[in-house]
Each structure stands twice: as C-alpha cells, then as structure tokens.
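Dropping the structures in below, format is structure tokens.
Below are two complexes that have chain A in common, paired first with chain B and then with chain C.
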Partner chain A sequence: MTLATSLNGAEQRRPSRLGRMLEDRLPYLIVAPAIFILLLVGLFPLIYSLVVSFQRITMTDNDTSFVGLLNYAELFRDTRLWASLGHTAIITAVALPLELLIGFLMAQLFIDRLPGRQLFVALLVLPTVISPIVAGATWRLMFDVRFGPIGQILSFFAGEPVRILWTVNPAYVYPAIIICEVWQWSPFMFLLLLAALSNVDQSQLEAAEIDGASYLRVLRAIILPSIAPVIAVACLIRGLDLVRIFDIIWALTEGGPGSMTETISLYTYVQGFSQFEISYTAAISFLVIALLTIITTLVLKRMELAR
Partner chain B sequence: MKFRTFLGASAMLALTGASAHAADKDAADTAVEAAKKYAGATISIVWEAGLQSLDPLNYSGPKWEKLTGIKVKVVEVPTDQMFTKIMQDFKSGAGAYDALNVIPSWMPDLARAGALEPLDKYVDKFGYRDELQDIAAAYRDNQMQYDGKIYGFPDDGDVMLLYYRKDIFEDPKMKDEFKAKFGYELAPPKDWKQFDEIGQFITDKMAPKVYGAGFFRAAPYPQYMFQERFRMEGGKFFNADTMKATVNSDVGLKVFKQMLAENKFMPPGVEQWNFVDNLAAFLQGTTAMTISWPPYGRWAAGYGSGEEALKWVPKSQVAGKVGYALNPLGRPELGVGFDLAVSATSKNKEAAYLFIQWLNSKKTSLERVQLPYTLRDPFRVSHYASEKYRSLWPDAPSYLDTVKTSGEKGLLDLSLLQQDKYDEAMTKAISSLWAGEDAKAILDRLAQQFDAITEKVGIENQRAVYKVWAAKPGAYPQ
Partner chain C sequence: MKVGKLPARKVRILGLRYLGATVVTLLFLFPVYWLFMISFKTPDEIYHVPPLWVPAQIQFSNYYVLFKDGDVVAILNSLIVAGVSSGIAIVLGTLCAYSLARFGTGGENLAMWIISQRMIPPIAVVFPIFLLYVHFGMVDGFFGLILLYTAFNLPYVIWMMRGYIVDVPLELEESALVDGLNRWEVIWKVVFPMVRSGLMATSVFTFVFAWNDFLFALVLTRTEVITFPVQLTHYFGGQSNFWGKIAAMSVLGTLPIFVAVSVMQRYLVRGISLGAVKG
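Let's look at the complex of A and B:
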C-alpha cells in the first residue's frame, strides 16, 4: 500500500511530456532572444557586407549584380591600401612595445605601497578616459608651431626658437602620432600589469631574494612567467586597438602629409564614406577581418603554448 | 453714355491697377503668396553647419514661417559630410530633406544620380526667370545648370580676393625703397613674380612683426589656389581628346615650385594654417597680404564685430587699413560656392522650391548677404550696387567693386563626375609638397591618380562632362 501510494505520488510528480520538453529546452529558450539579437546586429550585417563585396555598388551606381572576385582582385592592385596597412603595421610595431614597456615600468614603480599611491594611480589613468579624438585634437594644439607648449619647452632648452612642424614634416609626423598614442594608452597597460604584478607569488620572490638572485634574474625567472598571460591579453587588446587606430590620427594629421600616415581604418573610411565605393569598402573590410583573425589566432595559439 | 464711359474708365483703371500690382510683385512676394497654401507644413533644408546656418536658424527660417506659416527645419551638416548625407538620403529614398545647399562642383554627380529636382517648371510657374538674370554672370552661367536644365540657384558669391595692407603699401619710405630695388611701384601685385618680390621685400623689412603674406595652406584650401594658378599660367587639367591628365606638365611643376618657395617669406608654420589661422594673422596685422573669400574683407573692416556669433573672430587691428584687389594674373578662383536646390526625394517639392525662390530672390538675398554673422557673399548685380550695402563701412564701395570684378572674371572650380576624388588627390598632393617631397614626383603621382579615377568613372562619360565644363567661359582663361 505504502509502495503503491509512493509510486502513485511519483507518477503524479513526474512532469508531462510537454513539461519535460519545456524543461529540456528552457535554457535554449532563455538565451534565444539574446542570440537572435546578436545574430541580427552582428551576423546579418556581416553576411550582408559579404554579399555587397561581390557586387559593384558605388556612389552613383546601384549595381547589385554578382561580379565575382572583382573587388578582391582590385585589393591587390591598390597600392594605397597596402601602404595604409604598412603604416598601420609601423604604428602598431612601435607603439605597442613602448606602451608595454612604459606600462610595466610604471607598474613596477607603483607595486610598493607608497604614500598617495591611489591618488597617483587615479591621475595616471586619466588619459585613458579621454576620447581619442579629443586626445588627438589636444596634442595637435600641443604640437602647434606658434602656440604649442612643446615648441616653447624645446625652445627654452635649445636657447633659440625651435620650430618643428610636427604634423607636416615627414621626420616628425610618426613620432607625433606615437607620442600621443603612447601617452593615452600606456596607463591601460600600467593598470593591467599592476594588477598582475600584485598577484606574483611573494614567497617565490622572497626565496629568490634570500638566494641572492639579481633583479634581472628574478624578472626573467619569476615575474615575467607569472604575468605572461596578462601581458599576452593586454598586447592582444592593445594590438587590435592599434590596428583599428583612427581618431588620434584623424585629429592630428588626417592621414597626411599626403597619405603618409593613412592607416587602414582611415583608408576604409575615406573609401566608404567619402568616396562611396561601397562594394570595394566591403571587400577591404573582409581583408581586414581576415588579417585580424589570423593575428588573433596566432596570438591565442601562442598563449595556449605558454600555458 | 457718360455713365458707360465712366464704367469703362473705371474698369480700365481697375485693370491697370491690378496689372501694376502684379508687376510690382517680385519673386519673393510671389513665393510667399503661393506658399501660404502650405501653411502648417514643415520643410527641412540641409545647410552647412556653423556660421552659415545662422542665416536660416536666426533670420530667414523664422521670417519665412512668419510670412507663410511653413516651419523650416535646418539640418546642419559639416561641409565635408554634406555630399554624403545628401546621397545617403537619396539612395535610401527616405526623403528626409526637402531643400538642399549643394556645392556647384557636385552638380554633375548629383544631377546624373537623380538626386536633384529639375527646377525649370517651377521657375516658369512662379515667374522667377527675370530675377535669375540679376545673378552675376559667373555664377548664373556656370553654376546653375547641368545638361541644359536648372538644378540649383547660385546663392553665394564665393570668390578669392587679394587683401593687402594699404598703410604698408602707401608708406613713402617703403614705396621709395621698393621702387629703387625693383624698378616698379609698390602696389597690389599683377602677377605671381611681383607677388613674390613684394612678399619677400616686406618680410625682409618688417618680419617678425609683419610678414609679406600669409595663406591658408592646410587641407583642403590650397587646392583652389593651385587650380587657379595652374590655369592662369596656361595649364590644362586633361588632354580633351584622350582624357589623360596633364597636371604634371611643366606648368604644374612651375606652380608647385612657386607655391613652395613662397612659404619662405610667410610666417613660420604657415604650412599648417587653416582658414581661421590665416584670418587671425591678417586681422592682427601679422601679414601684409592674403588671399581668401569675401568674409575676410568684411571682418577686417570690423563689420559685425559686436555680434555674439562672431566672438571667435579676432578683433581687427587693421580696420580702415585694408585694400582689396584682384588676385595676381587677374582671374581668381571662384572657390566652392553654394547653390540652393530641391531634393528629388522631397515630399514637399513645391513648398521647398518656394522657400528657395524666396531665399534667393533679389529682395531676400540682399538682406541675407548683409547679415554680418553668416558667410553668404554678394552674388547679384543688385547686391554689388546696393546703396545700403555700400554704406556699411567706409571702404565698402571698393570692397563690393572688387568682389564684383573678381566674380566677373572668376575661374570655375573643376567639376567632373566624382569630383571629390580629384579634389582629394590634389589636396593630398599639396600636403606632400609642404612635407618636402619632390614636386615632379608628386605631380606624376597626381596625374596617375587622376587617370585612375577617370578610368574608373569611364573615359567616355568623363570626357563628355569635361567637354561641357571646359566650354564654359570661366573654365579656362581665353
């Protein structure tokens, strides 16, 4: 009786087929709206851009017929495109290590609990909260040959007027961009690396100190391996940002003189929104996506290996 | 019998009065009367952001609403985005804009794309042809039509003028020394050789207090000066038969080298100067000559100095000391300009048309070009002759006469299909020149870029458009 009653009770508690189905699929139902929105705003434009890249839509021509790989073939003949990729690579190759190095040195400086540390950390992080376009415009004023403080400071030390055309002279235009870029984003590296350094195993450091290891040895054998994953992530984030760099250069040089500092983002913008080469711009975008995917995959693989 | 005669006479009088009244009605009144049936509607107009748009925001928009009951929504767009926004609206078919401000050199692209409404039928319907004849010929004959149809009303008398410091040019000591050195009078330069000699002479004598000249050299302005000088020295942009670019000719090289050399007697850093930098230097008395659009002349005279909107303009230190002259070689670049047009996708085409007719009419436009805070420059014969305008500051008659003559002799901006691409190529070439790159190499690259653009647009298409443009009286000096 008792058994029968309990069996009946279990029967009663067992959910119906519909209920079971709902229960099984509930997680999917919960995430479905979010996935739908993601697909709508992320995947649909991507697929649409891919379709457009095989058409020939321009400012005056709405030609939606399939033109095959015409736009992609044109990419290889476009010297300005490859030059802009080269400029992007130069800026990334110089700015990224500098930001990493400065960020690391700053983090080392602030790892000890000095008085007023929190205030200084907050102040140092300020540049990262400024909009890059504002940073670029501000640095443009700083570099101004007549009124800019940089020229005045250099003139003070030189003892004679120093007139450097930072945004015109080819010898100074890249340093100007990199100074601005490094000024704004080194604090980002600093913050990440400060957090990473704070988590380095103190007992290992103390043991190394007792053993009389030099700082460089400690750095190479303990600190860097400990913070390597963070360095890799920080480099990945900043590297991708640098490949996309637009605002600072737009405000400082607009890609000039000539096209000397035109990066891939600037070039894509000019092609798409100034010259209305819609299909060709879509092809450029896919080239950039492909390049970024390769770079990201390689970096992630190396991170896997490091782990 | 007498009564019938009286009736007849009365009828005649009434008719005469009515026709006299009709004849009195100008294009502005006609537009207002016709627009009243759209009272309560709202029309939108694309206008250049900044000072230019203060006209419809503060003056003409509210006045039009008061007269007709039609609200005006002003869509402010930065100059470099205007073309894009207009095309985007057209391509999407959204019809967000009713009336437009368009730069005349865009007209071939916009008209061929179908983005602009042909205006001829409205012009006839609302009797505007006569008043169009009052628009200065340079603008009327060159900036109003494409392919024989009216697509826009020239509404801004943009043209480059030479401004010079009369007090320096008339200084007896400077005059004597200059004549002794060069053998001719110190006066506004007639050609670029004279310009260079005068500029260098003043710099040698007065720098760093005053430099011989200053120009805007930052992108995109200097390409207008290049276009002017290149043509005035005998250059042609293309071979009209093959459509191969010829900007890299010896003339191009000569102009590039001259332009670069002139930077040496201009203030340090002139390569970075934009419109405002150059204006500030001239108004503060740091440069003795400059070339720019007409607002410089008004502001240098101190006109509008009390205006809130002009607070950013440095107070003129040279009021009463500025002379106006034609550019060296006598045919200045018209440089940009604006046409009023109606969007082909507008849902209120007639109301939009009536608004632009009213804006552009003799009566309203005369008021608008005198607004001290906007950048609209005189563009009608009646503007140049206006007694009211000529009394605005002591040298206003000389200013208006120079603007008029410059407009009459003005050279058109190059205007082809996808003109913005040619403009961009020229702008980049000149910025490379300032950076010290070899002038010949830059020009060869520029010619290659021109050829690539032409090829992409289609040589036949472009040849047809170039032929029409080159045949205009303001395209090349005869």
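Let's look at the complex of A and C:
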C-alpha cells in the first residue's frame, strides 16, 4: 500500500528536464561553490605570490622583470630569517611536550569518578577558547614588574622583593612566552586526553590490577598504546599552531627585545608590512609552506588522520 | 547505612583529588580572575603598589568609557564578520560535505586537499591576499573579511560535517528517495534534522575561529571595520595607561565566546580535535 502510493507520487512528480539535469549534476553542483571560494582565497594568492617571488618588487622599485631564484638564494644568507626559524623551533620544542605532559597529568586527576567534574572541566576549558590576543594581554598585565601579581607572589615566597622584567629581560622572555602558551593550551591537551583515557578498555585495566601490575607497567602496556592515536592528532594540531605562533608574542613582547623572540610569522610580517619587501616576503612564504608541507605530510602519512 | 560507607582509604584519595582539582582549577583561572578584577578597578587601584587582589568596590567606569568613545563598535564588527562568515561557511560547507560523504565526489584526494587547506599557515597567504585586496579596493571592508573567514572556515566545516553526515544511516535517505523526495528534499528534510546538533557545534567553532583571528584582521582593517582583537592591541601603546580599557575590552570580547562554548560543551572535544576524537 505504502509502496503503491509512493510510486504513484513519484509518477506525478516527474521532474522537468532542468530539474533532472540539476539532480544528475547535483554532486558537483553542491561542491562547486565551496571549492570556488577555496581556490579564490586559497590558491589564487599562492599562484600570484609564486610569480612575484621570482621578480624583484620592493616598496620603491616596481620592477616586474624576472630574476630567477635570486630571492630564494637570498633566503640562505638571511641570518635573521634562520634565527626566527630557530626561535619558532625552540618555542615549539619546549611548549609542546610541556602542554602534553601537563594535559596528561590533569586528565589523570579527573579520569576517575569525581562528583562535580563537569563544572571543573567547564572552568578549565576557558583559557583555550579565549582569543590568543586576550591571553597575551592578560599575561602582560600579570607579568608587569610593578602592578602585576606575579612579582608580588614571587616576592612573597622569596621573602625579598623580586623584580623581573619578564617581557624585556632576555633571560625571561622565553619563559614568559612559554608560560602564557602552556597556560592557554594545556587545557586543550587535557580535554582530548581526558576523552581518550575514558575510552581505554576498562576490563584490561581491571585484569592488570588483579595481576598486581605496577602503575608504570599499566601505563606503558595498556594506557599509552590505547591513547597514542589521540596524542598524535593533538600534537599535530598543536604543533602546526605553534609553528605559526604570532598573536601571543605580538601581545607579550612584539618580537623583542630586539628580535630575540621574533618567530617566523613575526619575521614574515615585518618583511611584508614594515619593509614592504614584496618579492622577498613571497619567497619566505614559500619556504614556510615547503617546510610545513614536508613535516605535515610525513606526520600524516604515519598516522592517517583520514578515516 | 552500610552502602554509603566508603573505606577510609578511598575517602582520603577522593579528598586529595578534590584538593588537586581545586588547586589546578584556581591556578588556571587566576589570570582570568585578574583580568576581570582589573576591569572593575579605578586607575588608582590598577596602578597600586603592591597590587590589589580585590577592588574596593565594583565599578563600571572602564566599560562606560568603551561605550562612550564608541570603541564597542569593534565588538559589533566582530559579531557581524564572524556571524555572517560562519553562516556562509556552514551552508556551503555542509552541501559540499554531503556530496563528499554520499557520492564520494573527488574521492579521497579532494577530501585530503580540502583538509590540507586548513594546514596552510595564515602568514604564508596573508601578504599576497593583502596585495590583491589593495588591488581590488577590498581592504578595510566587511566583504573582504567575510570572504576570507568564510574561506578559512570552509575546510573545517567540510571536514567536520562529512564526519557527521557519514554517521546518518543510508537507509533513511534511500527510503525517502523511494518515497518520491528528490535529493534537495532529502538533504533538507532527512539529513539536516539528523545532523542538526553537529551543525550547531560546528557553527559555534567556526564563529570562535573567526572571532579570535588577529593576523588577518590586523592586516586587512584600518579604521572602518576594526575587529575586537585589533581594537584591543590599540590600547597597548608605549605607556601602560590603558589597562582598564584592555581589561574591559577583553572581558567584553570573551563573553560571547564563553556563552557559545558553554552551550556546546558536549561537542567540544570532537570540535577541537577536527573530529579525530569523539568525546
């Protein structure tokens, strides 16, 4: 009965030629707008930039003749560029493991039943969702040598006035950046690891407990293998974010003192928007893209993010 | 009662865990608390040595100044830019995701290309985009920013929504097709209601990404459509005179995010892990 009516309905609603054509092509029609925008904003500038990187355009000189690989050759002589890559690597290499470790410890704290856990998690997530510019600004106020609470707290524990110029003193700028970064993103790791830990097979854990296995053994043999995929995803996402770190440093040190905390993103920004070295900036952009593409492809191949 | 009685050891462990949880939470919330308190302080209290942890009274002059000077327009601009761009990205991205999930359009390669678009660092494209925007007179306008945020959120929306759509039972759609609905009706009447919660969560995240962006806004705005993070950096000046403004603006700019994310807490894990972890 139902079938008969529905077949009838289909008969009556035979689509027009245009309608049928629209339906036949539908898979492509509904992909098109999104791909168009992605190409327009994602690919078009890259092609444009690639062309420019083989020219010699600066603020004063609009010379559009091609100079081959001159800009790229210059990259290798640019010590400030390699220094900025080094700064980026340092921040990533220190902050990423710290975030992972702290996130893991936090997750351990909340993994077992704890009434009120929801509320704790909701509050702990706050740093991760606020704008990185706000995070940087907040810590700038916190670190202030005279009006900020960090110095006050340190003085209290040291028993004598502690005056640290966190965002100016070369010895403390990196700790300052990393503290801010770790504060903002450890909760991110925490959230992902908490979810991963909740999915660890409980029966295996119980069996291990009955066998009297030590915690470290359980961690190595059961827990870590089970949460490894999540750790990989979390590290990939955070790693890519750390390599492009810009906002927090802009708010905290603006790359200073001098260019001590200048990361690759800040350096590219300076070359592009202060020096207006159009062609050279394009060349740097491609260096960054090449480096990231290599790293990401290697990581992705290993873990197969795609389902 | 016997049932409610826990062994002393367990009670102690639970107590210790509460203590640990409270300490950790206080540590992580302290900077937020500090910012919040500054926004309520008078200049005398802000620049007091040693720093005061609690203002004598809650007063709103820091907020009042922002409204009086019209600086809150930045919040409004952010709402427009983030809201409209998320809306467009959600509609176009979900349609694209449906095609990818159900027809396998473009195969695995297209899907990988789309997610790789999200991996490109903004700094690598911001400069060429800036030059193009200058060329077409799109700097400092709503259209340019909305187009840009739409493009940068599309890969995320497509990737996430593809995951949600794949979870919808195929039989539902097939029976709807047999019942004489065409594809558009199937998408609208069958798939859409099934993925509504995923759709909501994804919209919140796209909104947050656009809302929090600083680099693009810094480069592509001048005076007309300054968004909230850029407005915030305008108070940074050489002297730290504007702490009250920084704090008040930060609080105003964080409230919408906080509300949005609180509502979406259930989807937070899946959202921030690009769908890799189902919380």
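One rule holds in what follows: the second predicted complex is superposed on the first by the 277 of 307 C-alpha atoms of A that agree within 3 Å, B and C clash if a C-alpha of one lies under 4 Å from a C-alpha of the other, contacts with A are read in each partner's own complex, and residues count from 1 in each chain.
Going forward, a residue touches a chain if its C-beta (ideal position, glycine included) is under 8 Å from a C-beta of that chain, and two chains touch if they have at least 3 such contacts.
These figures come from a predicted structure and were not determined experimentally.
Visitor: If you stack the two complexes on chain A, which partner ends up touching A:Gly103: first (chain B), second (chain C), both, or neither?
Guide: Neither partner.
Visitor: Applying the document's definition of touch, where does A:Gly239 land relative to chain B and chain C: first, second, both, or neither?
Guide: Touch partners of A:Gly239: none, neither chain B nor chain C.
Visitor: A:Ala196 contacts which: chain B (first), chain C (second), both, neither?
Guide: second
Visitor: Taking the superposition on A as described, I'd like to know which of chain B and chain C A:Ser259 touches: first, second, both or neither.
Guide: Touch status of A:Ser259: first partner only.
Visitor: For A:Asp144 in the superposed arrangement: first (chain B), second (chain C), both or neither?
Guide: Both partners, chain B and chain C.
Visitor: Compare chain B and chain C by how many residues of chain A each one touches, and report the one with more.
Guide: It is C that touches the greater number of chain A residues.
Visitor: A:Phe273 contacts which: chain B (first), chain C (second), both, neither?
Guide: both
Visitor: Taking the superposition on A as described, I'd like to know which of chain B and chain C A:Thr167 touches: first, second, both or neither.
Guide: After superposing on A, A:Thr167 lies in contact with chain B but is clear of chain C.
Visitor: Going by the contact rule set out at the top, does A:Asn62 touch chain B (first), chain C (second), both, or neither?
Guide: Once the two structures are laid over each other on A, A:Asn62 reaches chain B alone.
Visitor: Once the two structures are fitted together, what part of chain A is touched by chain B and by chain C alike?
Guide: 144, 146, 273
Visitor: Applying the document's contact rule, which stretches of chain B touch chain A when the two form their complex?
Guide: 80, 84, 87, 91, 109, 112-113, 219, 267-269, 271-272, 417-418, 420-421, 424, 428-429, 431-432, 434-437, 442
Visitor: Hey, which residues of chain A end up touching chain C in the complex?
Guide: Residues 3, 6-7, 9-10, 13, 15, 19, 23, 26-28, 30-31, 33-35, 37-38, 40-42, 44-46, 48-49, 52, 106, 109-110, 112, 114, 118, 120-135, 137-139, 141-142, 144, 146-149, 152, 183, 186-188, 191-192, 194-196, 229-230, 233-234, 237, 240, 243-244, 246-247, 250-251, 264-265, 268-269, 272-273, 278, 281-282, 285-286, 288-289, 292-293, 296, 305-307 of chain A touch chain C in their complex.
Visitor: Quick one: in the complex, what on chain A touches chain B?
Guide: Per the touch definition, chain A meets chain B at residues 59-60, 62, 144-146, 161, 163, 165, 167-170, 173, 254, 256-260, 270, 273-276.
Visitor: Would you pull the chain C residues touching chain A in the complex into a rising list?
Guide: 14, 17-18, 20-21, 24-25, 28-32, 34-35, 38, 46-51, 53, 92-93, 95-96, 98-100, 102-103, 105-106, 108, 110-112, 114-117, 119-132, 147-148, 150-152, 154-155, 158, 163, 178-180, 182-184, 208, 211-212, 214-215, 219, 228-229, 232-233, 236, 240, 243, 246-247, 250, 253-254, 257-258, 261-262, 265, 268-269, 272-274, 276-279
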